[in-house]
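The first chain written gets the first letter, and so on, giving A, B, C and D; residue counts start at 1 in each chain.
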Amino acid sequence: MSITLEQAQAAIKAAHEKSLEMGVKMNIAVVDAGANLTAFARMDDAWLGSLDISIKKAKTARYFDMPTGTIGGLSQPGGSLFGIEHSNLGLITFPGGIPIKNAEGKIIGAIGVSGDSVENDHTVAEAGVQAVEGR
Amino acid sequence: MSITLEQAQAAIKAAHEKSLEMGVKMNIAVVDAGANLTAFARMDDAWLGSLDISIKKAKTARYFDMPTGTIGGLSQPGGSLFGIEHSNLGLITFPGGIPIKNAEGKIIGAIGVSGDSVENDHTVAEAGVQAVEGR
Amino acid sequence: MSITLEQAQAAIKAAHEKSLEMGVKMNIAVVDAGANLTAFARMDDAWLGSLDISIKKAKTARYFDMPTGTIGGLSQPGGSLFGIEHSNLGLITFPGGIPIKNAEGKIIGAIGVSGDSVENDHTVAEAGVQAVEGR
Amino acid sequence: MSITLEQAQAAIKAAHEKSLEMGVKMNIAVVDAGANLTAFARMDDAWLGSLDISIKKAKTARYFDMPTGTIGGLSQPGGSLFGIEHSNLGLITFPGGIPIKNAEGKIIGAIGVSGDSVENDHTVAEAGVQAVEGR
């Protein structure tokens, strides 16, 4: 069971609208259950460097089925996962990546957002998640 | 002057609809004038391996401002550009990538499509181009 | 709007002269608005390892439109962008990379300098910026 | 014994002037005896994809101390060096890369040019070589 393109585009649309409402310029990526890019949008004049980060956040959230910020809490110096960012051709472990679940609570993909503060990135990602989870 | 997200999404939508009409499952990528990914859609059950190919086709078309198939005609064994695919972290030089121009004829981005025969890939890409160029 | 080769070469020349004046051996890179290398100079006997660092500094400054050292302040352990260096095929987030603006204040590229202390790298980069911004 | 920055910049300048004279837009790279980038210039509006190719041509010419086109003659299907482009993070083996020698005939670096037909790329590279070899 994986996120459909229709669901992924709904997540992108909701995250895009939330970004416009907040006045931020985001890169927004959605990956499927296999962590493969399914839909993507880069807002005009969003940071160039955030393109790759948004995709890596979405992949990271699905690779480990948890929000990216949670992993970042474990990958600090002295933490149990210190250095995990070196795997999988590069992870991003600060907030902005969140898994997406279906009605049964099973993870079917993830969204990654980058372009502003990590708090705003997370807020926009959350809007994308809600569009699919419908809560 | 670069393609806007609105234009890129119009290209994706048109290419997607063309794919549905043709009964093919495509990965569709649009890059901006800087060859940076701007919008992307992967249809349900499209080939996994075509994800990267669609993005590389779009980039390749913008890197050299010509359809990917034109480059492929020059990169064959004995051709003047043999082996060019080894540059830029990998090019794809068979059909399916086409530059996108604005009203003044200036190239503002490119589309890349992968998921079926190269003829069908090109046809779907062309539908995306038309949505922006408005012909 | 992107930096021209003429402007980029003026930045390289000014940074080179500043380096000679300071008695340091630098690698100096200028990227355009798309973060693509536009001009580069490696002074005789400059550190080999600084070649890649100078280019990554210039790219990093343009990727996020801020001096590289500012990003480094946020990417420390416990910081909000910890581990951001793993994105975009590698960032460099210590001082020495600075965005370059045009007369209207729009960012048109960036310079990256590496070869000595980060303070000296930054000073030389600043000389390059001034040559274009004309202050 | 390696090419100096002064020599490399003289090669870039001559190649740039030749390009202007021919009405072509080139990416021009010079590497030293260690195949490390020493000077680089990308002319305004030159093909984006040629940036990497120009650097790879210069490196390839120095890696094997012969013009890139000579290697391409040996790397065709059935040739003795078939597939050599897969080494060294990617080689470019069509014309446009030429070694640069000092007065004693010792190779001290190489130039790589990309942006137009391979014949024109080679002609511009040759102009750069002449500026250093002084013939």
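Throughout what follows, a residue touches a chain if its C-beta (ideal position, glycine included) is under 8 Å from a C-beta of that chain, and two chains touch if they have at least 3 such contacts.
Per UniProt, the chains are A, B, C, D = Heme-binding protein.
Bear in mind that the values here come from a model prediction, so they are computed numbers and not experimental data.
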Inter-copy rotation, chain B to chain D, in degrees (Cα atoms; steps of 5): 95
Interchain centroid distance [CA atoms averaged], chain B/chain D, Å: 30
Computed distance of Cα centres, chain B from chain A, in Å: 25
Centroid spacing, where centroids are CA-atom means, of chain A and chain D in whole angstrom: 42
Interchain centroid distance [CA atoms averaged], chain B/chain C, Å: 32
Residues of chain C whose C-beta touches two or more other chains: 34-36
All touching chain pairs, where touch follows the definition stated at the start: A-B, A-C, B-C, B-D, C-D
In the complex with chain C, residue positions of chain D that touch it: 4-5, 8-9, 32, 34, 36-44, 48, 51
Chain A - residues contacting chain C, complex: 47-50, 52-53, 56, 72, 75-77, 85-86, 90-95, 117-118
Residues of chain C defined as touching chain B within the complex: 33-36
For the chain B and chain D complex, residues of the former touching the latter: 34-35, 60, 62-65, 77-78, 80-84, 86-89, 91
